[in-house]
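Pasting the structures in now, so scroll down.
Here chain A shows up in two complexes: once beside chain B, once beside chain C.
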Partner chain A sequence: MNKHLIATALAAAFLAAPLAATAGEAELMARIEKMAAELEQLKAELKASVKKTEAVEQRQQAIAAAAPAPAPAAAPVMAAPATEPAVAASAPSTIFGAYGEINYNRPTKNASGAQADVRRAVIGVEHRFDQKTKMVAEFEWEHAVVSADDKGESEVEQLYVEREFGNGLRSKVGLYLIPMGLLNTNHEPTAYYGVERNFVETAIIPSTWREVGVSLSGDTAGGLTWDTGITTGFDLGKWDAAGSDGRESPLGSIHQEGQQAKSRDLSVHAALNWRGVPGLLVGGSVFTGKAGHKADGFTANDARITMVDLHTRYTPGRWDLSALYARGQISNTEALNETLVGNPTPVPKSFAGWYTQAAYRLMEVGDYTLSPFVRYEQFNTAKSYAAVPQGLGVAASPDEKVTTVGANLKVGEGVVLKADYQKFKEDKSRDRLNLGMGFSY
Partner chain B sequence: MRYRHLIPLAACAAGAPAFAAQYLNAEQAQKLMFPEATAFRQQDLALSLPQMQQVEKLAGLAARSVNWRVVGAYSGDQLLGYMVLDDVIGKFELISYAVGLNPDATVRQIEILTYRESHGGEIRLPAWRHQFVGKSARTGGLAVGDGIANISGATLSCTHLTDGVRRIAAVAQVALKK
Partner chain C sequence: MRTPYSRALRLPAALLLASLAACSGGGGSSSTAAPSPTPRVVEAGLSQAAKLGELIFKDQSLSASGKQSCATCHSPDNAHGPTNNLSAQLGGANGDVQGFRAAPSLRYLNQNPAFFFAKDGTPTGGIDRDGRAQSLAEQAERPFVAPHEMANASKQDVVDKLKKAPYVEQFRAQFGAAILDNAEQAFSRMTFALQAFQLEAPEFHPFDSKYDQFLAGKVKLSDQELRGLALFNDPAKGNCIGCHTSARGANGAPPLFTDFTFDNLGVPRNKKLAATADPAYFDLGLCGPDRTDLTARTDLCGAFKVPTLRNVATRQTFFHNGAFDNLKDVVAFYVRRDTNPEEWYPTGADGVVQKFNDLPPEYRKNVNTTEVPYNRQPGMAPALSPSEIDDVVAFLGTLTDGYKSKP
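Let's look at the complex of A and B:
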């Protein structure tokens, strides 16, 4: 009862505060606007009087020259005096940005597992050296505290230099995001629905997925964007068959993230995205490379990791509809898995998932925008294993199916409050309620 | 050297003309918008306070600026329309663009002069820009999700550009309409 009272009081206070603020603010704004207009008028008058003075001076000089001044020529008709936009002058060369999110998860069947977490705090820096060259960096802290005894992580999430060549061609060199799926390159909390990122693009596509390398991108007049590149890849030598990380996200457990990344084997990636019809995006991508790095005594030096994805997003009017399919494969793991017999998490041969999501912009009141959404996803981090001798293998996992229902409440364009409920079909103990706050600027 | 075949590709890229992301200058844009014009005259605008308030009311946005860069396009003495030049911030960087307007304050054409963001260059696509044509501050339909489709992956750029066009449409309605 008490809780309800407090909650109601808090809600009332939040709602009332902006109303109280606007009355006084409006008056102040009106005065500021009036002053601004007066200032502009004064500026204009000053400018006019300066011009007049100049004109008078010129005329005086002309008279002083004692030459019969010719009749002033008519204003040239094809003057085309359009000024260039003053972009270079007004654009700052170094820009800071940030995003962050704080989430609360409450398993509905195990309230003692409830948790609040400063999921991530990110600082972004972009510096433009010249019209064609810029540097982009993102520094991130996860889970609030980073030390030997804590679970937090501190990481450089992006660090690259981009150069434009014209004709729509541009190249990146450094640590950059792999252009796969819908979320990886658009991972700010304001850009997706739901408190937590979807499972397919975290468990199957290991967002936020970045590699060190070189890329070349371009776009065509028909609305096609292409990206291609050579980068570092995964390190299968890091696979922990005794732990559970590999089952949560096979690639997430062996990614290298530019941290002394083994580079004997490099990977290549390519992506195609088409946006020829306004509001529609259709795309796909592929990433492939070996992951053994010719390590001494390693039994899977020929293992190749390949990821593919197909995605689409359509935003007609108030609707935001999307669908995505992703599949990963790790080849030549038979010998490695034989050495791992007895462990709970051998290396899977394939893992895959898909989701479909619909969101609707239901209400806009002032700068509040409420968008309820529903998402259904199906994913499997161990869809199949390479054959091992009878009786020694681990059975493939069943597909997990998750339905997420919730809403995003945007405040302006930079802040979002989220709430949703997630229902799991296989592991029902994971059913949970999520609340979150995110921002991005 | 498995990637040897990529070397010529990289070489081509490095040798491409150095255009940066400036696609058009203002003169090129005005000729694209008004190919039949025989004269362009700079007719910069300074809004009065009541005009600014009207713009804010029509656009649902802060009027932002008193002064506007305007070019009038003429065929002889006949006014064909206006081009208004403006900049908005996409996600991080400035987008320079021009809005062509008919004398009745409806949008005639949108041209992107410069675009520098790593993503969202699709706002230059003719199909996307065509969504604005024929609309005005009176007809509406100049907002993302309400007449203008979003570009997936470039929400901020297309929202800010669309807001900019809506503001200019309101300026035209208030101060340029004949």
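Let's look at the complex of A and C:
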């Protein structure tokens, strides 16, 4: 299959879809406008309802304060019955959630490499202390079995407290997901197409990427959301030039994940996302920070890691279209790479990738939804290297180009069955068939 | 609540963790490793036991000849290794009994783990070329009483000599007034003191070679040295890092140039060793004869411990049997052993090169012939050209301790 043709077709679909959505379909437009009006009305009603609730709560609090012997404050109760009169809000204050995925990969040119894996099982806990303050935690097990002798990992993937200040402002403190790309903050298996997460957002953007820090976010009129924060960053001292991890995912091999993270150097991040048109998201983000941490005798203490991304997603009608570009850079690695000459995996100066993806909601029967999709991506984890004396360097890698064709079959809202085929342009031995099951609630 | 007991254990435990974490020998790095790469107790000066260890280390009167100390074969002036090119050092009452193995350097053994089999079955660690001593103290026992070394008749004999040493009162003060009444205990305190000296004295692990300073960004390697480093690291060329790690650990620990494993190189038989006059004599390393607990593991016969390459350029005798006396030949042996075996092994009456002739025929299959640069055959090009061998030798010269850049 000609990858360029596919890329062009996807780009064309991307451009053509909105036209198709608007051309001629006056009736559809009218319906949308009607729905928009209804939405506005609902918003207004909701606002009024919230005000009413607040007023009731204030009255209740006043009564409670006046009461001579108030009952001791009830501990947070999980799944408290909605009918219980003491609880003002009908929602429970502590909510448990979970997601998980089990995948099967079968390399088409090497069937002996076929593998089934309980890729991840995740338990999420969200506790709302009050209307404005909540705690979010996510606990994850990867690869089924975790022990000193097994390959699984057990990890705290998120652990933060978020406080809302009003005016659309909110702040997080703790271990939280870096707002970059489309997948990192939205990584449940029901949220993306294909059995495996895309390469650009795993090899270039090291999803699931989280750091310990403080963030401030806000919404503005016109559908603009902004995020900014200061967090821990990467530890370049962990770079293993003799191994292959750095070639699979440069940042994934030196992330710290809140595990006794070196914090002499902190990083900053910022993201802007615009949702001003229904169904459309356009955004970009940047993350930058030094990664040497003034380690004693380390030659790359001035190395700076910078990641940027641009992304968009558009969901007109039955279409779900997205595209993303991500690029990372590690500066000031000349002296470090000179100490690593001859090793197969020196520190890259740049790594980058992009993809475009189109999915179409083809069939909806009962609560089954079948969405075929195609994705084309290019990525390179070693696009360039800082100069080393002639003859001692490693050649930059060629771009890997991967085409993924498959379908997601959603069962209700929480369960998805997936199947796809991935074709690699450079390393053809990686061509594979994937099957997967995922759920999220 | 912290008990006094746990407080007392804290420092040694931290040092132990630091040293274990620094080992790349498949022990599994502990995520609780202390952040400091190198234990730095030395700045506080040597403990009393270590000071006694230094006196014992340099005391020639503790030998049968009265002329040999630890420092004779492990000279502080030559990276605590031998100063001559003898295949094995001479000892005994008259200083004329030849040993069986080349004396190693005692440098950088402070981070050497005790012997163990890694999860994948790889034998790892231990002191001595066959890893049989579990600690530096245990290693220090044999030279005192081995007939070809300091040749004392017994531990009692050693302690009797210690009683006449000028520092004997210090020894008593440290280990108890009655310590010399029990030879077994007194002898164990001597080896304990020697171990303390080796662990504590910075001269045994200075990490101040040109390469260390290069890793810290303080000096540049010459073009030839840098080319040599690249060939050393390159998995398709020298592939020396397969066993001799050259990069800092993830915790910043300086490389030790050994992964503490064992390898079977098929080193040629060394006629300069008197023991080889007996055609039935074979030193098989892990499976004997010095080591006795693994004799049944015939698959390990011929495997010897991978030594650190730090200070290798100061040596004039190489490999367990001292079969080589210059570094260039050693590097050439690695890359030409399989492409040009006639350069290293004698040819039999039948005209066939007797490859791996220092092993009994049944154990020759144990020799490593699969990894780069051994994975070759006659007619193929060696992994390194003669000029590349020179480059690697030049690089190895940067591993010598005590480098001072020219002002």
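Here is the rule we use: the second predicted complex is superposed on the first by the 353 of 441 C-alpha atoms of A that agree within 3 Å, B and C clash if a C-alpha of one lies under 4 Å from a C-alpha of the other, contacts with A are read in each partner's own complex, and residues count from 1 in each chain.
Heads up, the rule we're going with is that a contact is a pair of C-beta atoms (placed from the backbone, for glycine too) under 8 Å apart; a residue touches a chain by one contact, two chains touch by 3 or more.
None of these values were measured; they are calculated from a predicted model.
Q: After superposition on the shared chain, which partner residues are touched by A:T299: those of chain B (first), chain C (second), both, or neither?
A: second
Q: A:E338 in the overlay: touching chain B, chain C, both, or neither? Say first, second, both or neither.
A: second
Q: Between chain B and chain C, which one contacts more residues of chain A in the superposed model?
A: So, of the two partners, B touches more residues of chain A.
Q: Tell me, which parts of chain B touch chain A in their complex?
A: My answer: residues 3, 6, 9-10, 13-14, 16-22, 25-27, 30, 38-42, 46, 48-49, 52-53, 66-67, 69, 71, 83, 85-87, 92-94, 96, 113-114, 116, 118-119, 121-122, 125-128, 131, 145-146, 148-153, 155-156, 159.
Q: Using the touch definition from the top, list the residues of chain C that touch chain A in their complex.
A: Those in contact with chain A are residues 28, 31, 37, 119, 212, 214-217, 221, 223, 226-227, 229-235, 237-238, 241, 247-248, 250-252.
Q: In the complex formed with chain C, which residues of chain A make contact?
A: Result: residues 148-149, 237-238, 240-242, 259-260, 295-299, 335, 338-344, 389, 391-392 of chain A touch chain C.
Q: Mind listing the chain A positions that touch chain B in their complex?
A: On the chain A side, the touching residues are 33-34, 36-37, 40, 44, 77-87, 90-91, 95, 97, 126, 128, 131-132, 134, 136, 162, 164-172, 182, 185-186, 191, 214, 216, 219, 221, 223, 225, 230, 266, 268, 273, 275-281, 313, 315-318, 320, 361, 413.
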